[in-house]
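These are the structures, in structure tokens.
In the two assemblies presented below, chain A is common to both, partnered first by chain B and then by chain C.
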Partner chain A sequence: MTIHPHDLTPGKIAESAACKVHMLDPVARFSLRAHEPERKAVADALELDLPWYVGDVAKTGETEVLNLGPDEWLIVAPEGQTDFASRTVDAPHALTDISDRELTFRITGPRASDLLTLGCPRDPDSIKPGQGRRTLFDSATVVLWRDGENDFRMDIWRSFAPHAVSLLALGCAELAAE
Partner chain B sequence: MLLIRCPYCDETLPELEFAYAGEAHIARALDPSSVTDEDWRDFLFIRSNAKGPHYERWRHVHGCGRFFNAVRDTVTDRFLTTYKAGEAKPDLETLTGDAR
Partner chain C sequence: MSKFRVAGRGRVRHDAPVSFTFDGRTIEGRQGDTVASALLANGTHLMGRSFKYHRPRGPVAAGSEEPNALIGTRRGKGQYEPNTRATMQEIWPGLTTTSQNKYPHLKFDLGAVNDRAYMLFSAGFYYKTFMWPASFWDKVYEPFIRAAAGLGVSPTEEDVDTYASRYLHTDVLVVGAGPAGLEAARAAASTGLRVTLVDEHAEMGGALLSEPHVQIDRLPAWDWLAEQIAELQDMGVKLMTRTTAIGYYHQNMVGLCQKLTDHLETQPHDTPRERLWRVRAGQVILAQGALEKPLVFDGNDRPGVMLAGAAQTYLNRFGVRVGDEIAVVTSHDSAYHAAFDLADCGSRIAVIVDTRALVDDALVAECARRGIPLKRSHTVTGTAGRLRVKSVTVNAVEGGHVGKGRAYKCDALLMCGGWTPSLHLFSHTKGSLKWDADAQTFLPDRMTEACQIAGAGRGLWGISAALQDGATMGAEAARALGRDAAARALHAAHDRPGTGASHTELPTDQPASRAKAFVDFQNDVTAKDLRLAVKEGMRSIEHVKRYTTNGMATDQGKMSNINGLNIAADALGKPAPQVGLTTFRPPYTPTSFGAFAGYHRGDHFELTRRTPIDGWAEDNGAVFEPVSLWRRARYFPRPGEDMDAAVSRECRATRASLGIFDASTLGKIEVVGPDAAAFMNRMYTNPWDKLAPGRARYGLLLGDDGYIRDDGVIGRLADDRFHVTTTTGGAARVLNMMEDYLQTEWSDLKVWLTSTTENWAVIALNGPNARKLIAPFVDGLDLGDDALPHMSVTECTFMGHPCRLFRISFTGELGFEINVPARHGRAVWDKLIEAAAEYDITPYGTETMHVLRAEKGFIIVGQDTDGTVTPDDAGLGWALGRKKADFVGKRALMRPDLVLANRKQLVGLLTDDGETKLEEGAQIVLDPDQPKPMVIVGHVTSSYNSDAAGRPIALALIEGGQGKMGETVHIPMPDRTIAAKITSPQFYDPNNDRLKL
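Then we have the complex of A and B:
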């Protein structure tokens, strides 16, 4: 059966003895681009900590900022807590609301990392707990956050989500059957 | 699968995260209107097609998104080095010396 993105609702997607996959509630997402000389000025104006190393995550209150590349950050905040977006920044930068572009899935359980290897060419264990990376999941670009040893979050473009969900659900069952 | 070191992420990652982007160190003329047709042809179409070490551009498209340069041996597919865009061409003799 074909799953459409609008059929996906927050809640349990798949669960087995090996791992669990849940879809999370919507959050506010922003893409921030700024060059290194402007990083400090932009961070001060937004009142956010912009991490310097690729993959590092900084938390300011409930707002998380992930460094995706040398000049690119992903900002995730609870819906309605996006005051930073209306602050005035004098330094050159681009701050874009991309909240609706992606859906987020939480992957937990003793074999969460093994489940991700079904689609990730990169070793998920190369991401340390507390970090995140942009990578691939079965040819779709995803942002993978590792919140704990066996606790991952995957942001995936909503049109690719049905495909990823099918694969995750299948893998969840297969890993438990081993 | 090739394993490529991204100089911006400082990690060695699978080829699938990267995209090839042609030969490196081909600079567009600073004053395009003064360039002859022959030079434009060379700039646009003529490539070295090296057999052996080849300077080329790659992009970490499913990662940090940055373009960088690499030296890859087109015979063995071995990456001799990767370096950030804008950095000078590494000396080939030191690279091939290291490889042996």
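Then we have the complex of A and C:
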């Protein structure tokens, strides 16, 4: 199954008895970087909770913050709710708008976690519900959020999305046929 | 029903006949049969011809180690597969199979003449036989060898099947579902671990499938087996049949190939033919069992000669007697049981020949009870029969002397030379082996991976031992993973482990030069070949292997390696462990290319990155070219235009009025933090301290060798924030290089890098009308030359979208680059095109971009540089911040060879005739009349027809070129030599007046 970039609009991409793939509406997305000694100061200034453990997600209102590495967080917020981005932060840090870099897909269904194994070399069991990780899918870098046992979100760079999503769509059918 | 089928015996469904064809003949088998077992049930042993000598061959084994019975299978159009092992292919109604390596018929084959000319095909024959005349090699010898030697024919149609792949993480992977594997899986799973159990056969059970008489825990073997499988399923063990562990790689990654549809009459929807699993296991338990070893004697390859264990499997698993009148030759107890089972099912055992003097009394008594003649201290010196064995010659051996032979009539000859632990996967891990002198075999020794080996795979014979060892190793694996585990003890009754002796070739009274005693059936290597190799000077087992090709066929020496080693060791006069074993290579069994390719074929073969504006280019007839993973519009031909015409028009229109270009693929890196400028100073050659926010600068990046790696325009958005652009192809590389320095050399810097390539769609507008077009869209922002001069950047709103607007130019014209969030790129582009109708806006592609920049003498990294070009070579010395304390590559630039005056330097070239376009890559000489080989002083790097210059232009790297302005050089071509003049690389508007509009 081939998916073209123009097929990628928010809504259903593929669905079977095994899993569903939906493209989600755009969100505001920021990359936040700071070293550990400054984490608390940056968190206080941004008025966000910055989780310490790699893979953990903290929620402040509707804003989610995922720790991607020892000095890296991914902030996702509803569009227009990005007050934190304009607050003054004195501590050394870097905040970069990457809202349009990725597209986000929601992967659900009884075989959602098996669907990921078609292209993801990481053990899905190692991501607990409520956590996230940066990993690969079909050789593209993605951020995988596990919102529930069978509920994932995948952020993927926009030009890689058609390729990766066509594999997800094919997998929906393949898993349903098992 | 055929007389060879034994009613009520085996696991086939006797009430479910299945018809398929072999060489056009309809064969009736039973559901559960393989092609081999069904053909044997019909009395057919002849299934193919051999690799080199085209000798008639039949199955010698019953499993995946089969070297002989290789067939072609066809399931439909585009579904032909050569070299399928008849012993593994399950039958289904309508399956089409064919024998291989025969012309015109399997029973009468012209290629069999090779067999009579065998003296020509001895070890290393291709080095010796076809030496003269030399000219014959290409035209006669090699085509002849290639045609004569080889197995099945490659498919010619495109494969219509689909293939899949998955990753699997499991705590414990158990390879092989025989008694050891089943118990290992159970022991590990009982501790709550995630366990995966795989087996290459259609059903699990391994040796238990061939030994139904065994009782385990007071249950008949097959009842116990069914119970175990059900229990493992209940425990959540992932059970996979028809799944071969093909390779064992670093850090406990095991590749599995699962065959999903080859056994099915109708193809299920959305189901791939095969799936490759990449398994990452906490612990791997290898329970692959042992492979039976053939005996080496003249004529041991005749159809009807097979391993005793295989005959036992055909009888007990498939309900097939392999012959009516069966002879047995063995050096191991296990063959007796095959003979007894067959005798009990109605075959006559003509003779059991045992090479040993002493045989277990119980076995002797059983022979006597059945009236089977037993010949101890005897050997087999030959077989007879053209397409099937008809008799075997048996001789007494006394005190090393071989007595007179006596022929026994038979239609099958079973052989057993003992058992070899299957070490293939263990060998993939480079685990070391130790020699077991008693068993005359290698056993696994030191492990390099988190791995356990259970059962016959480490030399433990018998069902009881395998069950016990499996449970022990399963518990061991669980303990290694931090679980509290205990092994249960099971008792198996009627177990028949047995012992044996090991041999090189069997003793014979025949001249050694005449014997065709095969060691490697698949590659047609005989014992004589191995001895000849040693005689001709091969000392290392690795050389013997390559010289003779022993063990190099697709079966990877499953049957031949140990016999080959023993014979080579004997010929060398050294003990086996000193000679050593060659390495088994993955895959364990032949694996289809489809399985390796997986999903990556057709449209999904490789990722193609497309920009947000790509759809417009496609709709407007763009011709695309790949640039790294991206596809980019190369030019936009109008009807009737070729590339030259289109590019010329695009160039003219851009310089005359306005051109629009999709620059979204340019790499973008946001460098942010209080130390951003310090980082930029160290990374790029240029100085950055004095670049004010709002201004942009051309940045040059070197490797630590001083050579140009990348370049791009860099805008300073704030004191602590730079917007860096890179080349399209360099984006990932540059970010990696920067991160590398930041993390390993300069971890003290408070600066961070974020790729923003895909965050922005970038539209480049170039031409005198560029400002006029965008002025209405920037909310009153002053775009004048004072407010937004050349090489500046501003953050603004463009058509209502947040925008980073650069005033820069890669064309020499007034230029802007509009960066808007990617999702709006297409809409902004559409609206610009619409609004610019009055300026005759012309979309242009990468080819025009290349021409326009070449007219200005701007380099393209990777085209005008090749990894050996310094900034001075490229005429970019002005970009070096010479006063800076350091930058990447600075020290290298002081190396003596990097400051030589005669280095190759970038210059312009104009052909003397003013019409000839040089070829990119063409070599340049100073004197065209010098003798060959000429002294090459450089080469053409870029060459175009330039509309602006009104003639072809070129860039070139020429030794000392910058000091040779105005001199003539020569470019020799196949048909003529072209003269050209060295010029400045700036062909157009050298004073940059057009930028100042």
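Simple rule for what comes next: the second predicted complex is superposed on the first by the 172 of 178 C-alpha atoms of A that agree within 3 Å, B and C clash if a C-alpha of one lies under 4 Å from a C-alpha of the other, contacts with A are read in each partner's own complex, and residues count from 1 in each chain.
Here is the rule we go by: a residue touches a chain if its C-beta (ideal position, glycine included) is under 8 Å from a C-beta of that chain, and two chains touch if they have at least 3 such contacts.
Predicted, not measured: the structure shown is a model, and the values here were computed from it.
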First (chain B), second (chain C), both or neither touched by A:121: both
Contacts of A:96 with chain B and chain C, given as first, second, both or neither: second
Greater chain A contact set [chain C / chain B]: C
Partner chain in contact with A:87 - chain B first, chain C second, else both or neither: neither
Chain B versus chain C as contact partner of A:170, first or second or both or neither: second
Chain B versus chain C as contact partner of A:59, first or second or both or neither: neither
Touched partner set for A:40, first chain B, second chain C, both or neither: neither
Set of chain A residues, in rising order, touched by both chain B and chain C: 121-122, 126
Footprint of chain C on chain A - complex, ascending: 2, 5-6, 26, 31, 33, 35, 71, 92-102, 114, 117-118, 120-126, 138-140, 157-160, 162-163, 166-167, 170, 173-174, 176-178
Touching residues (chain side chain A, partner chain B) in the complex: 54-55, 68-70, 72, 121-122, 126, 133-136, 141
List of chain C residues in touch with chain A within their complex: 164-169, 194, 268-272, 278, 280, 599, 603-604, 607-612, 614-615, 630, 670, 672-674, 750-752, 754-760, 821-823
Complex interface listing, chain B residues touching chain A: 1, 8-11, 13-17, 60, 62-66
